[in-house]
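These are the structures, in structure tokens.
Each of the two complexes below includes chain A, the first together with chain B, the second together with chain C.
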Partner chain A sequence: MDTLLEVRNLQTHFFMAEGVAKAVDSTTFSIRRGQVLGVVGESGCGKSVTARSIMRMVRPPGHTVDGEILYSRPDQDGQGASIDLLQLPATGTEMRAIRGGEIAMIFQEPRASLSPVHRIGDQITENILLHQEVSPSEAEEIAVDMLRQVHIPLAEQRLDAFAHQLSGGMCQRVMIAMALSCHPSLLIADEPTTALDVTTEAQILELMQGLQADLHMAIMFITHDLGVVADMADEVAVMYLGKVVEQGAAADIFRDPKHPYTIALLESLPRMDQRREWLQTIRGVVPDPYSTLSGCPFHPRCADFIEGVCDEIVPEPITLEDGREVRCLLYTEHAHQERPPVAEDASHS
Partner chain B sequence: MREYILRRVLQLIPTLILISIVSFTIIQLPPGDYVTTYVANLAAAGEELSEEEIAALEEHYGLNQPGYIQYIKWITNFVQGDMGLSFYWDRPVNRLIGERLMLTMIMSFFTLLFVYAMAIPIGIYSAVRQYSLADYVFTFIGFIGLATPNFLLALIFMYIGIKVFDASAGGLFSTEYLDADWSVAKVWDMLKHMWLPVVIVGTAGTAGTIRVMRATTLDELGRPYVETARSKGLREGQLTMKYPVRVALNPILSTIGWRLPEIVSGTVLVALVLNLPTTGPLLWRALMSQDLYLAASMIMILSTLTLIGTLISDILLAWVDPRIRYGERGTT
Partner chain C sequence: MPAIHSNAENSSPLLEVNGLKKHFPLTAGLFSKVVSHIKAVDGVDFALKKGETLGLVGESGCGKTTVGRLIMRLYEPTAGSIQFRPHGEEGEDYNLATLDNASLRPVRSHLQMIFQDPYTSLNPRKTLLDIIGEPLRLNGMRKGSELEDRVVEMLRLVGLRPEYITRYPHAFSGGQRQRIGIARALILNPTLVIADEPVSALDVSVQAQILNLLKFLQRELDLTYLFIAHDLGVVKHISDRVAVMYVGKLVELAEADDLYRKPLHPYTEALLSAVHVAGPAQSHRERIVLEGEVADPSNPPSGCYFHPRCRYAQDRCRQETPELQGVAEGRYVACHLAEELDLAGAASG
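Let's turn to the complex of A and B:
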């Protein structure tokens, strides 16, 4: 299966008066064509900023300072040419053609994501007219068709509705219809169901799964809900403090998590098959984004912390036998050394 | 929408009645009336009036009757278009106000136009390029504009006008047109004179509106729907004008109604300094001399204009904002 998007060493920093917040700090992961990648992590771990970096929509004081975002154009003739999105001007013609046309995005607050003063139909057709060579009336037909595909009843009438006249779930359906109206090859969904109630959430997830299969697009599904990821994703990337600490097939990660953070996350889930007085928690809190930790960023909270190793050496991604990538020193030779000599330490940094 | 407008128009009636009572009472609140002021002025000039003469004056002006009778007389005539007699000028209020009111309204209109034409683009620019050099420059100028009293600005302009251009900056007409009948040439002459008072009176409003426009636009720029528009691949300028600016204009539209009385009362000092034939100086003198019917009528007219202005901005707001038009805000 070929790679659609490859993010390498992405660094997006926010230059604030308080200091530099490294929201995304050398993140590396990839998305395959037609597959769902679930990106999980706590609030503030850089999931949304990663998504906006891919879209080239990071606003000042945020800046993507380094890295590569290799996007392979969906060419049918043999090899797809791959371009580095970070090399394109963020507001240039080429990037704007990709944004909304080839990579679309939906957001956390469905109603707030729609304009309060423009009609639904106007907002959907706008996207179609931007990226397709069609007349306004044809665009309207496509819009109605899309609204039907996301199961909105009375689609024609809904074109004239305003966001405040629709429920949150309906608004998210409209957002999905809008995002998919140009058949993007990648849909970035930034916590699309977080603001919805569980019943609506289930419906939206089901809808997204159906559309994903029909349209054969890839989805980058950002969430902090591991249950949703288990339900939706083919692959999972776990983020902590701006880094992907583990990426692999969803089944593998849930069955046999490798990174101590992933292990701790999964252990903190309530489970039906175990009776427990207390839920497991991860000790400590996420450090504030301005601090610079030496070594592995997870070491102050890690259960398997090795003194003199984890707080000194920055782990690099390692590929395990099952194709999984883990950023953890436990899976390197360092774990077997009692205390590495200082001189040797320099070679690993 | 039609029902909404009708409801708003009907709501005007009780408000207007209340305002008429209040404006009439307020003018009578200071001790004494026109006759006592008149007598005091004469006494200061060394002329004494006898009791009979004073009583005759009060009788003449109807000031010996109880307040509510005076009010009822005045308001009945007012509704029929007769605003009574000015004591001070000894002329009908209608004739005194007529042309001045028209000139005031023309000036207010141009001032509003000036304020919005300057403030809205600058406000948007300042928001989009927040903390840029231009933003700081506009902010600086804006605060100076806000902090400088209008009449001082008028004096400065007059000084510059006389010193540099050797021309008087006062008045709305050249001498040859002062008492002339209305003609195209007179209108042109008026427009040539009007830009200066318009700029002077509009400066504070412009500065304030820039701040409002900048703040509301900044507020909207960070909203999720702007991000949605950006994620569609719209051009930056296009999406800024279509989405956040469109929403940010709402508070500007809804305050048009308050702008009118602000301009009218704000012009009093400027009009005195620049010798403008507007309502401001007339109202000021009427209040000073307790010229009951003139003052009450003018306050009444200004209040009515304010209410109409508010009505217009409410209708405008309902027209541009569907959330208000449909009389409900969506459930969350």
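Let's turn to the complex of A and C:
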């Protein structure tokens, strides 16, 4: 297996006055070269913080306190050498060369991540000049070409525009153009099409798929749009409260989700083929990342909760026959243990 | 000019937009000479009945946000009128397009906007209490603990924890920030809410919760929504009627069910065909990929703006601009061939 990035046991916490928020709590997953990993999960479960941790862009009071981010970097002879990004100084030359070049990121809130005081053309060309050996005029040509590829009309004139003069979806496409302009080997796309209508989105996804095939680019595709995941992703990782609770082939997960959280997530989808008065929601809310829950973190909301088991034992990731990893006690011998009689009664409620 | 009412009997809707235009100057060179104009909104007519939801969809950059900002009078209209009757038929009738700042003040509390870019619209130096409570305070309605109670109530409604009240916007995830914007817009019980991509950053479960909340509040308080979104599943779920926009103009307006079942405009058909369906089952439906460049809003194509990308275009389409016309009860379309074409709707079943 040609692994490009392997994240092991990543822990990024925010140290706040109220306590420690474990935004990313022991996350483990991997991305293969040239493949698309879809990352899904409820708002606040730690997707963006995971992405920022890989980019080494977590700011205080946040700190990555533990884990490894193994990036296999092709060296001059084409041999892969694996480095732990967490061992590199975040602002050192090596990390600066990787960030925005080899590993590029499309940020979730494009308008907020573009500078309000610099023209967008300057912002794109600056990044190109930082990572590629080209002249300023060549950089500008690349910038115009990229803006055309993301279907911005009047690309040349728009180089002079400021972010506030563009629509929400245009800002997003400028971000995408900037990220793709350096041909990264890993693209981290954090909700990259939230501001795009379906036809523009289809064009952008096609562009990404094209580059993925031509340049063997891998994509970590963070999205809440399960339809897009179904279309784009080879693998899917489902996150809940800072942990990956299920990872496997996209087709398997859609056909036969295993983790109760994944099942609930798939059920709350609004659909064009049905008209429902009220949409299904997962009961309860995502707990505060400050709180420490005993047992399985999903247990207060889980439809399959086993009393006396799920609230006591912390599920570890286990691998099922189809290669899928699941963090749920239903798939362990604990689920078949004899339960105390009190729990038996309570589980009917 | 067609009278775009939801039904002919309703003579004084809550909001009536006629001939609305916004042209932005496009400048070039050192001295920012105006070289042409971006016709972001170029003659839009529609009406909103009290208590209804009108969905507004269309390509990225077609002018949806600009329509919303014009109604809010965050932009000065280039032309057109915006009649607003917050107190019903008997009450006062305001033309938002021409009111000066002083006369706008009493109307403002009836109008709220949920902004497309949550982060840039939240003051980074204020806590949630200040941000969400601000509309109340500006209207001198509540003070001290009463204000705090109301903010806490809003936080709960949008699924955020009351403890977050003293935190600043940067300490939240993208979806959490979007909900802060929603809480702020709804706290005053406005009459008309312009919701610009209000759930685009939310995962399906929280999205379902927010859509349910919007529907619930609408029923309780008779709210009216102009709901801008690109997710056609969401739009169908929430909207009574849907307007489709293309390069600054409306091209179709109809009851939601009718529009999805049988679109009359080729652009609507293309939009519906591009929707992703989660799960591998339905992936072989024909997707109409729109070929050709996105129209340049400073120099739109001759005749029908959509003709370079329309697969049904004829000579006539290149010369004559179709007007938005009523073709059946409550159905409006701007296409020369509307009565001849038999277009495909959204997949069902």
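Methods note: the second predicted complex is superposed on the first by the 298 of 349 C-alpha atoms of A that agree within 3 Å, B and C clash if a C-alpha of one lies under 4 Å from a C-alpha of the other, contacts with A are read in each partner's own complex, and residues count from 1 in each chain.
One rule holds for everything that comes next: a residue touches a chain if its C-beta (ideal position, glycine included) is under 8 Å from a C-beta of that chain, and two chains touch if they have at least 3 such contacts.
Note that the structure is a prediction, hence the values are computed from the model and not measured.
Of the two partner chains placed by superposition, only chain C is touched by A:251; chain B is not. Applying the stated contact rule after C-alpha superposition, one finds that A:55 touches chain B and leaves chain C untouched. By the touch criterion defined above, A:332 reaches neither chain B nor chain C. Shared-chain residue A:169: touches chain C; no touch with chain B. Residue by residue along chain A, chain B and chain C are tallied for touches, and C comes out ahead. In the superposed model, A:105 makes contact with chain B only, not with chain C.
When the two complexes are overlaid on their common chain A, residue A:225 makes contact with chain C while staying clear of chain B. For the contact definition in use here, the residues of chain A common to its chain B contact set and its chain C contact set are 108-109, 111-112, 165-168.
Across the complex, chain C meets chain A through its residues 24, 26-28, 35, 57-61, 65, 116-120, 159, 161, 163, 171-177, 179, 196-197, 200-209, 211-212, 215, 230-234, 236-237, 257, 260, 270-271, 274-280, 283, 287, 289-290, 293-298, 346-349.
Those residues of chain A lying in contact with chain B across their complex are 55, 57, 91, 95-101, 104-105, 107-109, 111-118, 123, 126-127, 130-131, 162-168, 175, 178-179. Residues of chain A touching chain C in their complex: 14, 16, 18, 40-44, 47-49, 108-109, 111-112, 151-154, 157, 160, 165-173, 190-191, 194-203, 206, 224-231, 251, 254-255, 264-266, 268-273, 275-276, 278-282, 285, 288.
Contact residues on chain B toward chain A in their complex (touch as defined above): 223-225, 227-236, 242-243, 246-247, 320-323, 326, 328-332.
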